[in-house]
Amino acid sequence: MPKNKLVRTFRDAVADIPDGATVMIGGFGGAGGQPTRLMLALRDHGVKNLTLIGNVAGISKLTGYGWPKGLDPIDQGIFFASGQANRIICSFPVTGSPNLVSEIEKAWREGRAEVDIVPQGTLIERIRAAGAGIAAFYTPTGAGTPVAKGREVRIFNGREHLLEYALPADFALVRAKMADAHGNLMYVGTSRAFNPAMATAAKVVIAEVDEVVPSGGLDPERIGTPGVYVDRIVVRDPGDPLP
Amino acid sequence: MPDPAPRLTRQDIARRVARELPDGATVNLGIGIPALCANFVPHGVELRYQAENGILGFGEHYPDGEGDPDVMDAGGKFPKRSPGMAFFDSVESFAMIRGGHIDVTVLGALQVSRHGDLANWMIPTRGIGSIGGAMDLATNTRRVIIAMEHTAKAPAPRPPSSIAGNGLGVSSRPGSPGGPEALTPHPTQEKNLLTNSEVAKIVEECDYPLTARRCVSMIVTDIAVIDVLPEGRGLVLRETAPGWDAKSVQALTAAQLQVPAGLKTMTLK
Amino acid sequence: MPKNKLVRTFRDAVADIPDGATVMIGGFGGAGGQPTRLMLALRDHGVKNLTLIGNVAGISKLTGYGWPKGLDPIDQGIFFASGQANRIICSFPVTGSPNLVSEIEKAWREGRAEVDIVPQGTLIERIRAAGAGIAAFYTPTGAGTPVAKGREVRIFNGREHLLEYALPADFALVRAKMADAHGNLMYVGTSRAFNPAMATAAKVVIAEVDEVVPSGGLDPERIGTPGVYVDRIVVRDPGDPLP
Amino acid sequence: MPDPAPRLTRQDIARRVARELPDGATVNLGIGIPALCANFVPHGVELRYQAENGILGFGEHYPDGEGDPDVMDAGGKFPKRSPGMAFFDSVESFAMIRGGHIDVTVLGALQVSRHGDLANWMIPTRGIGSIGGAMDLATNTRRVIIAMEHTAKAPAPRPPSSIAGNGLGVSSRPGSPGGPEALTPHPTQEKNLLTNSEVAKIVEECDYPLTARRCVSMIVTDIAVIDVLPEGRGLVLRETAPGWDAKSVQALTAAQLQVPAGLKTMTLK
């Protein structure tokens, strides 16, 4: 666990992500809580054959989902447009309309990408499990649906449950409002979402933050991700126009 | 059979659903018609809205596209900060949902069966869909109300070159090496075809991929209010839209409706 | 879910807890985060055959564990001294020395109480599971130890794991610093401990707080237990000498 | 065989263990000798202390019995607030522990086996014990160091009226209807009896109830430092206390120690 976690540039922060890596991308979908600068750096890094883990994915660009007006939304579709990702594990990869086709759906239609669609609660719980040392768990969600395919089914209290496995990753890109010198992260509002769980579930955790403060600069009652989980921190330029 | 009277608007569907939300309830509204319900909550009823992305107790939204991206709802809109809100992460949000702590959820549907099975996440001919929070909500919320139009538009016959999914379901692997293949219209849609332009959404058995089994308590549409009896005991027509009767509703429904003596007309004031 | 959750007295708050109920008691062990006034009210209520769920239990009275100097510590042993509880599920019910015998150990030695000793991480995860709709989960903790007795064992990634079940309760007594009109609870410091999870895992959740504030009086970023989980709130008298 | 030199103090054991804690590590210290390690961390080494009750990054404590009960460690003591601390609940605390995010834990022991099995939560004759966080820590922490006295006092022969547990283990049900029964001294203690007054704690196989199997990396005692080789490959004597040699340490150890050429004397400056 490095003591000095600050990395100077977004490019440096993602430079060792190799071809074929599994990468978690935090947030919920939308601008808030999305590690957008890290995503752009990873795209520019040019790595291939990525497996991504996200939630709402590839929707914002088409629909403006979760982005303020007047900006060109950036979402996980950039890795499919660039041909860098060939698989995504997520809960919401396509729009409600077959005529609004995201980069992810397009890649899937063209046979360039595999898309694993997981119920959102199962997805976040699997990610949490990976970070929390829980190998697998039983959830009622998905029983009797296509999600149950290939899953062990077991009855508890008269209800069918599915056995779902921990879902870890090689890298997690997360976004927080502030970090301190220990790597503690503070989130605001709904920008928590998938970030805190993903920050526990990857071998290497890279945080994009708006600001770093010295030790003691964060309220100990407001730490969303204790520093023990965080390997690298990159700070945005003040006045970065991206939300 | 031609419509005996106009169908209700999306707003009217939402208005009717809003009356089902009890004072003090914690409620999760899906996108589309369900989200509109918040505009029609009767005076004196206070609800606590929960959204999957980790927020409880929001109210009014900013105008479209304005607001703070750090305070979002699950539909990607930006609510204003209001007193008594709570923020939490997705782990906690789905612990709340899966654990059965949400009183009511209102969701849209592609199909609802006479047993209360719900299908709302994938059109089979598309081959890929979005589950989001729907399965967790439908499986685990105390009361699931469906707000939807009573029927769907019948699809145009698909041109031979059209793209179609590979039907692999949830793990949607890339199209077969031969490339996308044309599919004939989905058999469901033939079976449930009501007219040349309409397909039933309330059906005997869903043949769209399910969201959850036997989860729906009530269906509110643009022509009717239908209770789903527990334990697969079928559908009871409770109310019809003004100008509609049981027969005209049944004609647009591909599952048998039980019609009680006390059938009412929906009031929408 | 009642809209007005405020209850006037501690006695009223516990008045409907019946004989034979399973009751969770929040905190960690020690004064901080312990719902001490609710515990005393429950004892005075006189109910019998309770099953308690706690963590460190019955130790403070003997050793001063987690209590400031100069006060007579109160702990879960009061229910065993009074003969009201005949079972406890907890992680730490006895001292390190056979010569320092707690009320719980005494009741056990005398055949008056059953004591289920659960690894702390398994205990809190089972409580969380009960609140989070997870029927059961696999943990590596306890494999190859007496804890494994009667448990299903399964190998994941070459390691033995035990299947552990959700642990719900009829009532949870929790302690927070502040509540608002919606039942949102705010904790401070290490007084979180078992409280937030227990507040999700019982049919009826009763919170003891130092202060209630109107709607809007709590920072939405600092809510430890969202109000949806809380049924009843009782406020301590200002200046209550008990920590 | 009489002791060839004084045994180390508890402080000295802690001092030696403290050198094993690498700069920047996240460390959980058990109660007793382990907790003393914090007093002896070498200059320039910064550690992040975690405690099971939901605190990371604490340092100095208030004098005994003083402080704020809302800022406690897992030993029931009250640390001062220090910069960079984080508070969290027990769910998160054990997610951190169980998930393998703690670098080193230092624990006490009743027995350690030659395979690195650890027993530290129950004396069998008592019949009841406290597990606390020990099983989660021992099972899931990257490096487990045991800090203890090398041997235990041999128990006095128990009077026939003495209380003894029912041996039911983890679910300790009430004593049998006939009331408590006297037990003869535990067979372990006979097997590992070294002298009239001492019992070995480092043994071939633990017969006390286990905390975790094959979890221990290193044992530091008042007479020796011992590495536990991975995969059950046994114990290697690395250092002896001043004045002690391999033979005198082996004499107080009920498991075979491998003695390498580079055996050193512990330095405690």
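Chains here go by letter, A, B, C and D, matching the order in which they are written, and residues are numbered from 1 within each.
One rule holds for everything that comes next: a residue touches a chain if its C-beta (ideal position, glycine included) is under 8 Å from a C-beta of that chain, and two chains touch if they have at least 3 such contacts.
Keep in mind the model is a prediction, meaning the values are calculated, not measured.
Student: Along the graph of touching chains, what's the shortest path length in steps from chain B to chain D?
Tutor: Step count on the best path from chain B to chain D: 2.
Student: Please strip out chain A, keep the others put, and tell me the connected groups that result.
Tutor: Without chain A, the chains stay as one piece.
Student: Counting C-beta pairs in contact, which comes out ahead: C-D or B-C?
Tutor: Of the two interfaces, B-C and C-D, more C-beta pairs touch across C-D.
Student: Whole-Å distance, chain A centre to chain D centre, using C-alpha means?
Tutor: Distance between chain centres: 39 Å.
Student: Roughly how many whole angstrom separate the Cα centroids of chain A and chain C?
Tutor: Roughly 34 Å, centre to centre.
Student: Report the inter-chain centroid distance for chain C and chain D in whole angstrom, where each centroid is the mean of the CA atoms.
Tutor: Taking the average C-alpha coordinate of chain C and of chain D, the gap between them is 28 Å.
Student: Spell out, as numbers or ranges, the residues of chain D touching 2 or more other chains.
Tutor: Answer for chain D, listing residues that touch two or more other chains: 87-88, 94, 97-98, 140.
Student: Using the touch rule from the top of the page, what residues of chain A touch 2 or more other chains?
Tutor: In chain A, residues 125, 128, 132-134, 139-141, 188-189, 220-221 touch at least two other chains, as defined above.
Student: Output every touching chain pair, sorted by label.
Tutor: Pairs of chains that touch one another: A-B, A-C, A-D, B-C, C-D.
Student: Applying the document's contact rule, which stretches of chain A touch chain B when the two form their complex?
Tutor: 28-33, 55-56, 59-60, 63-70, 91-96, 98, 105, 108-122, 124-125, 128, 139-147, 149, 177, 187-197, 224, 243
Student: Using the touch definition from the top, list the residues of chain D that touch chain C in their complex.
Tutor: Its residues touching chain C are 31-32, 51-55, 64-74, 76, 78, 87-91, 93-94, 97-98, 123, 125-126, 128-136, 139-140, 163, 165, 169-177, 179-180, 209-213.
Student: If we count contacts the way the header does, which residues on chain D are in touch with chain A in the complex?
Tutor: Within the complex, chain D touches chain A at residues 23-26, 46, 48, 50, 56-57, 81, 83-88, 92, 94-103, 140.
Student: Looking at the complex, which residues from chain A come into contact with chain C?
Tutor: For chain A paired with chain C, touching residues are 125, 129, 132-141, 154, 156-157, 159, 161, 165, 188-189, 220-222.
Student: Under the stated contact criterion, what part of chain C meets chain B in this complex?
Tutor: 1-3, 128, 130-134, 180-182, 184, 200, 214-218, 220-221, 223, 226-229
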